[in-house]
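The first chain written gets the first letter, and so on, giving A, B, C, D, E, F, G, H and I; residue counts start at 1 in each chain.
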C-alpha cells in the first residue's frame, strides 16, 4: 500500500478531521487554531495535487471505501456494493479549482474576520464546505453525491448568514437555504427513481444499466432542474446575487467554487450517467440556450446595480452562463463528434478555472473595500485608489481578466467559446460577445466609481494576509493569461477529454474491465 | 385487499390529510400540530413497510425534536400567519 | 398462529379511530383541541404498533412503540407549554 | 404570475405522477444484486444481525460520515447565526 | 387463553373508540381531554395486556421479550398520558380558553 | 411547568436516557443505532429543558459542543482505523477481539459482543447526535432571552 | 394489491410541499413545506424497498426463512431524515433572526434584496 | 504558449507585444505634453468648460452610462421586477426551469 | 463532616439513579441467557451505561425528600393501589364517560381543593390519579399552597372537600408517598 493510493480519501477526510478538531484546538489556545487550520489546509492542497498528478499521469483513480483493498471495487459477479471514489480528469481538475479557491479563502480569512467566536465557527464551516466540495467532485456514487451536496448547501448557507447583525445577510441565507433544499430534494427524488429502477447507486454501474425509458428521462429532468438551480442558471439564479453579495468575502469565493462543483455534477450526470440514452442535441441546446440567457440577463441586471458586492455577484452569475454555453455546445455536438464541440468544452471548462480565479479576486477586493470603508454602496464610494493601491491594482487585473481583454486568461477561454459556438449558432456567439462587452462596461464603471477620483474618505489598508490571498489568485491569473496553451494542454484538455470520450475508461476503471 | 392493505390505505390517506392540514391552517401552531400528526402517521407507515429503524428515527426526530424546534421558533416569532 | 389475525383486526379498528381523531384535528376550533387530538392519535399509534408487533410476530418492532410512548410526551409538552401564548 | 405558478406546478406534479405510475409495481422491486448480497452476506462480513445498521455503518459508512457532517454543520450554523454579537 | 385475548382486544377497541367519539362529541377542550385521556388510556391498557398475555403464553425468549417490552410501553403510556393531558389543560386555560358553560371557575378567579 | 410535569420528568428522564443507551448499544441487533438512540436521548434533554425552564441549562452549552466535537472526532478516527486496508474498513469484525465474536448464521437471539467497529461507531455517532440535537434545542430556546412566563 | 398507491402518496406530498412554497408567504410555513417535501421523499425511498410479505432485515428473532425487505433504501432514508432535521433547524434559526431584525415573517415584506 | 482553437491559434505574446507598442505610443504622447504642467494649480482645470470643479466632486458610478441606461429603461425595469426578492417567486422560477427541463428531456 | 455528608448524599443519589437506570436496562434485555436471565456482556454493558446515566442525571433529578420512595413497603402499597382502587376507579371513569358521551349531560366547572399533600411525588401521584378517574381533570397545581384546581365534569358543590372530588385517593397518595 503506497501512500498515494489513499490520497483521494485523505483529501476529503482530512478537512473533515480539521473541522471537527478546530473547536477543540480553539478551546486550548487561539494561536493553536490558526496553526492547525494552516496545517490542514496545506495538507489538503498537497493531497489534491497528488491526486491530480496521479490522474493526469496514470488514468482514472478508483478508491473503494471499506473493502479489503482500494481497487477491489466490485464483488464476485461484477457489481459494486460499496461506495467508490472515482477520480477522472474532470474530477481532478475540479479538485484543483476547489483547492485553489479554498487556499485563497483560508489565507484571506486569517486577516479578514475580526470577531473571535464567529471566526472559529466560520473557519469550521469553511473546512466542512471545502470537504463537501471535494467529496462532490471525487465521489463515484449518486447518493454520496447528494450527501455532499447537502453538506455544501448547509455550510454555505450558514456562512452566508455570518453577519447576523444586519438583516440582509440572514434574509439572503434563508432564501438560499430554501432554494438549495428544494433542489437537493429533487436530486434525491431522482436518485430514488434510479435506485428503484436499477437497484444500484454507483454512477458507473447505473450508466452501464440505464436504458432511457420515460422514467429515466424524468429522473434526468429532475437532476437537471436541481443541479441547474444550484449552479445558478437563469431563471433560477436569483439566490445567487443575494448570497454572493451578502456573504463575507472569504465565503463568497468558496460559494462560487461550490456552484462550479454542482456544475461538475451536472456534467457528470450528462456525460457519464446518461450519455448513452439522452438525445444529446436537444439537451445540449437546452443547456446552451440557458447559458446564453444567463449571460444576457445577468449582465443586464449587473448594469443597474449600485452595490459593489451585488454587481460582482451578477458578474459571477453571467460567467456561469459562459460555462453552460461552452459545455452545452459541446453536448449538442457530442453525437456527431465534431471537433469544435471538444473545443467548446475546453473553453467552458477552462472558463471554470478562470472564473474561480478572477471572480474570486474581485470578491476579495470587494471585501477589502467593505472592510476599509464599511460600505459597498457605489454611490458613496470613490477615490479608494489613493489608499488601497495594491487592492485597486488587483481589482483592475480582475476586471480586465473577467471582461476578456486579450492578453489575460478570460480572453483565452472566451475565445474558444466564441469560435465554437459560432459553428453551432451565430446567435449564441453574438450573445456571448455582447455579454463580454457589457461586462467590461459594467466593471469599468465599478472600478471608476470605487477606486478613481478624488479621495472621499479615509480607508483602512488591507492586512498582509488578505493581500497574500489576492496575490495568489492574481499570480494564477497572470500565469494562465501568459501561458494559456500550457494550461489548456495539460489540465483542461484531459478534463475535457474525460467528459468527451472518457466514459468507457471511467466505466472500465470502476467496474473492472 | 388484505388487512395489511386496508391499514396501509387508511394510514396513507391520513398522512395526506395531515399534510394538507399543515398547509391550509393559518394558525402556525395548529399547522405544526398537524405536521406532527402527519409525521406520526408517517412513522406508522414506515412501521407497516417493515422499516423499524426508519420508524424509530422518524419517531424521535419527526415527532419530538422537529415539533420542539418548530414550537420554539414560533414562540420566538409570532403565532398567526399574516393575511 | 392463533392470535395474530385478531391483533391485525384490532389494529385496523384502531386505525379507523385514528381517522376520527384526525377529523377533530381538522375541525378543532382552537389549537388546544388539535393538540388533544394529536395526543389521542399518539396513544392510538402506540397501541397499534404494539398490536402490530404481535401480529407480524416480530419482537424487535415493539421498541418503536416504546420510543413513541416516550417521545410523543415531549412533543405534547412543548405544544402545551406554548399554548399559553393565547389566541392573539 | 399566478398562472405561471399553477401551470408549472401542474406540469411537474403531473410528470411526477407519471413517474409513480411507471415505477416498478409496489412490493415487487427489482431485487437488485446489491441488496441480495447485503441480505446474504452482511451477517458474516460485518458481524451484525441488523442488516440496516451494517449497511449504514459498514458498506455505506462514508454516507454516514457525510450525514454526521451535515448535522455538525447545522449545529455550527445555528450557533453561528444565533450567536450574540455586540457591534 | 384465546378467548381472554379476544375479550381484552374487544374491550380495548371499544374503549379506544369511545375516546375517539368523545373527542368528537364533547363541546370544549377540557371535556374532550377528559374523554380522550381516560378512554384511550384504559383501552390501551387492555389492548397491550392482550399482547402481554399472548407473549407470555407463547413463551421462550421471543414471547417473553415481546411481553416485557409491551409492558414497558404500557408503563410509559401510563406515566406520560395523564401528565400530557394535565399540561395541555393547563396550557389551554392559561391561553385563555374558558370552560364551556362552566358553573364555577376558581382558577379564573385566582388570577 | 407545574410540579406534576417536573416530577414526571424527573422519573422519566433516567428511563429515557437508559432507553436511548439501549437503542444505541443494541444498534447492531435490534432496530436502532447511533442516530435513533441519540435522538431519543436528546429528547430527554429537550424534556428537561422544557419542564425546568431553559435558563437553568445555560451552562451546559459549552460541554455539549465539546462532546459533539468529541463524537465527530471519534467517528472519523474509527474511519481512519481501517486505513491499513481502506478507509472505513471494518477491521474488528470476526477478529475474535473485543467485538469480534462470530455471529451465528440465520435468525438468532443476538450477541452483544459482535459487530466489529459497528458498536463503537454507534456510540460515536450517538454521542454526537445527543450533543448536537441537544444544543440545537438549547440554542433556539435560549435565543433572545429566555421567556419563561 | 394496493397498486402504486404509496408512490402516488409520495408525489402528492411533494406536490403539496411545492404548492406551499409557491403560495404561502410565512417563512415558517415555507419551512413546513420543505419538511413536507422531505417526508414525501423519505416515504418514497422506503416504499421502494418494500418486498411483498417481507420482514425487516434484522436477524434477531426473525421468522425463519422469511423474505426480507431491501436494506439499502432504509439506510438512505436514515441519512435523509437527519439531513432534513438539520435543514429545518437551520431554516428556523434564520427565520427567528429575520424576525428579530424586521419584526415580521411575511415574505412579501422581507424584500430588502431585490433588483 | 500558443493556444490552438481548432480554427487556428493565438498567442498572448503577440498581444503583449501589441500592448507594449501601444504603451510606447502613449508614452510618446505623454512626452509631447507641456513641460510646465503642475498638479494642484489652475492648470488642472477641465479644458472644455473651464470652470473649477466643486470641492470633492466625483463622477461616481451611478453617473456613468446615463444615456445607455435611459435607453434601456423598459428592459431594465422588467429585469428589476423579475428579481422581486420574494422567496415564492424564486421557487416559482425554479419550478418553471424544472418544468422546461422535464419537458425538453421527456419529449425528445 | 458536613461536606462528607453532602458527598455521601450525592453518592447515594448517583447510586439510586444508576440503579434505576440499570433496572430499566435489565428489564429491556431480559432473556439474553447466561447468568440468570442475562448474559455477562449485557450485564457489564448495562453497568457501564447506568453508571454514566447516573453521573449525568443524578445532579439534576433529586430534590428533598426523594429518598422516601426507596422504602419497599411503599412499592407494595403502590402496586396494590394500582390494581385495586385505582383500576376500579378507572373502569368507573370510563363507563361514566361513555354515559356522558351518549347522553351529553354535563355540568362542568373548575373547582379548588387542598388535599394537604407535601411532597412532589405525592402531588404527582394524586394529580395523575385524578386525571385518569371519573369526571375530573387536574388543570393546575399551585406550587406554593398545594391547592389543586380540578376541572370537574359534573360539579356537585362549589367548595368541595377532597373526598368529594376524588374519593380515597389523597389518603392513598399520603400513604404511598409521604
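As a convention for this text, a contact is a pair of C-beta atoms (placed from the backbone, for glycine too) under 8 Å apart; a residue touches a chain by one contact, two chains touch by 3 or more.
Here the structure is a predicted model, which is why all the values come from computation and not from measurement.
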Set of chains whose contacts include both chain E and chain D: F, G
Co-neighbours of chain H and chain B - touch as defined: D, G
Centroid comparison with chain C (C-alpha atoms), farthest chain: H
Of E-I and G-H, pair with higher C-beta contact tally: E-I
For chain G paired with chain I, centre-to-centre distance based on mean C-alpha positions, whole Å: 38
Chain F and chain I: spacing of chain centres that average the CA atoms, whole Å: 28
Per-residue multi-chain contacts in chain B, two or more chains: 32, 50-53, 55-57, 60-61, 64-65, 68-69, 72-76, 78
Multi-partner residues of chain D (at least 2 other chains): 5, 9, 12, 15-16, 19, 23, 29, 31-32, 34-35, 38, 43, 49-50, 52-53, 56, 58, 60-67, 69-74, 77-79, 81-82
Contacts with 2+ other chains: residues of chain E: 21, 33, 37, 41, 61-62, 65, 69, 72, 76, 79-81, 83, 85-87, 90
Contacting chain pairs - touch in the sense defined above: A-D, A-F, A-G, A-H, B-C, B-D, B-F, B-G, C-E, C-F, C-G, D-F, D-G, D-H, E-F, E-G, E-I, F-G, F-I, G-H
Complex interface listing, chain B residues touching chain F: 52-53, 55-57, 60-61, 64-65, 68-69, 72-73, 75-76
Residues of chain F defined as touching chain B within the complex: 23, 31-33, 35-36, 39-40, 42-43, 46, 50, 133, 136-137, 140-141, 143-144, 147
Partner chain F, residues of chain G touching it in the complex: 56, 58-64, 78, 81-82, 85, 89, 92-93, 96, 100
Interfacial residue positions of chain F with respect to chain C in the complex: 1, 5, 12, 15-16, 19, 23, 30-32, 36, 40, 43, 46-47, 50-51, 149
Chain D - residues contacting chain H, complex: 1, 4-5, 7-9, 11-12, 15
